[in-house]
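The first chain written gets the first letter, and so on, giving A, B, C and D; residue counts start at 1 in each chain.
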Amino acid sequence: MERIGIEWLEIDPERIVARIPVEGNTQVYGFLHGGATATLIESVASFGTAVAVGLDKQVVGVQLSVNHLRAVRDGHITATGVPHRVGRSVAVWDVRVTDDQGNLVAAGTLTVAIREP
Amino acid sequence: MERIGIEWLEIDPERIVARIPVEGNTQVYGFLHGGATATLIESVASFGTAVAVGLDKQVVGVQLSVNHLRAVRDGHITATGVPHRVGRSVAVWDVRVTDDQGNLVAAGTLTVAIREP
Amino acid sequence: MERIGIEWLEIDPERIVARIPVEGNTQVYGFLHGGATATLIESVASFGTAVAVGLDKQVVGVQLSVNHLRAVRDGHITATGVPHRVGRSVAVWDVRVTDDQGNLVAAGTLTVAIREP
Amino acid sequence: MERIGIEWLEIDPERIVARIPVEGNTQVYGFLHGGATATLIESVASFGTAVAVGLDKQVVGVQLSVNHLRAVRDGHITATGVPHRVGRSVAVWDVRVTDDQGNLVAAGTLTVAIREP
């Protein structure tokens, strides 16, 4: 997680915002690597679920879906996650990723299993 | 890509194999980070499409789906990608990820757009 | 499409709304079948893309992701689709499905290939 | 489920096979509707999980991902589902769909929550 350089901007059970720099997270053509976007989405949604259900529960991402919508070359990308649903055993988070101009770069969904440790 | 430490083991238009170490790719609990798995899957499938269609085409991952099936604590994870279909404008790759004991750790699918540059 | 009983409520390149009755679209336990939800999402997003790009283009759903969030027993479910992006060769639609009380029942994404016929 | 005309061909905790006719499950262009494919995949994986865990457990599809790979005009499509993993609270099924000539038509994954009733 530290490798992609996540900076947490808002932490709330109903809304998590975090960003990463594009620099250092690029693929061979010099654009943002889709894996960095996926990692950011997974981190935001996992952490959001942990915040929502409490640290005494175990939180495990089980399914990640990401649509890459737009190439990004520089600046930061910012992910905003909101819960579709936080249930007793399953949570689902909707995460939108934008560039510094506010363009939608990616949209993702993480399905999270919530377990008693 | 270099950040997760990908090592390419087989490169063929019909089969791509690559691995990463778990160490250095973990989340806060010490297990493999789902984002590292997602990045490995996306890298294998993107590269496989580029190998299959030729370097004169532009290859863009548009949709990534990953199921995380099993936690991993150490060793490597190895991804094997095979194409479901490589068409003129869309390719779809199926990628299975295993641990050093051969257990299935994750399964993912990347939908790739193929474009004239 | 006729089998699930789709009723189109709003048709606009930026917003498509349609609904189906739960009755007749249930699984063995008497709840709404997830396949009916998936069909509704796919229909809304495919039709929305056709409306957005024009009937002279060919529109093909290539990837569907659906999160089922809540069981429904009766009434209707209503899907509202808005485009994440409509590009030259790929469109992505975000579709939310609610019950008659406005509860979120499912959320889905369709990735659509756009082709010259 | 009955609406799409499912015919069950093999029922085993490790392998479920079922088919539907294309006729009656088409979209406006006369090709197989993606929603019918999605419904078949969801049915096969849900039923497979129920067979694997026993009828005393409650089985709920929570996430469905489908890649549509090839248009089909007539005959049947046949879905073969095998479990990626059947755990205590989550199962994941891999489902391949072929036409009568054995061509891969679609590939899908269903994530299923398993609950005590």
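By our rule, contacts are C-beta pairs under 8 Å (C-beta built on N, C-alpha and C of every residue); 3 or more make two chains touch, one makes a residue touch a chain.
These numbers come from a predicted model, not from an experiment.
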Pair sharing more residue contacts (C-beta pairs) when A-B is set against A-D: A-B
Centroid-based (C-alpha) most distant chain relative to subunit A: D
Distance from subunit B to subunit A - Cα centre to Cα centre, in angstrom: 19
Gap in Å, rounded to a whole number, between the CA centres of subunit D and subunit A: 29
Residues of subunit B engaged with two or more neighbouring chains: 62-63, 65, 67, 92, 111
Subunit C-touching residues of subunit A, taken from the complex the two chains share: 65, 67, 69-70, 84-85, 92, 94, 104, 107, 109, 111
Residues of subunit C defined as touching subunit D within the complex: 1, 3-4, 24-25, 27-28, 33-36, 38-40, 42-43, 46, 60-68, 71
Of subunit D, residues touching subunit A in the complex: 62-63, 65, 89-90, 92, 111, 113, 115
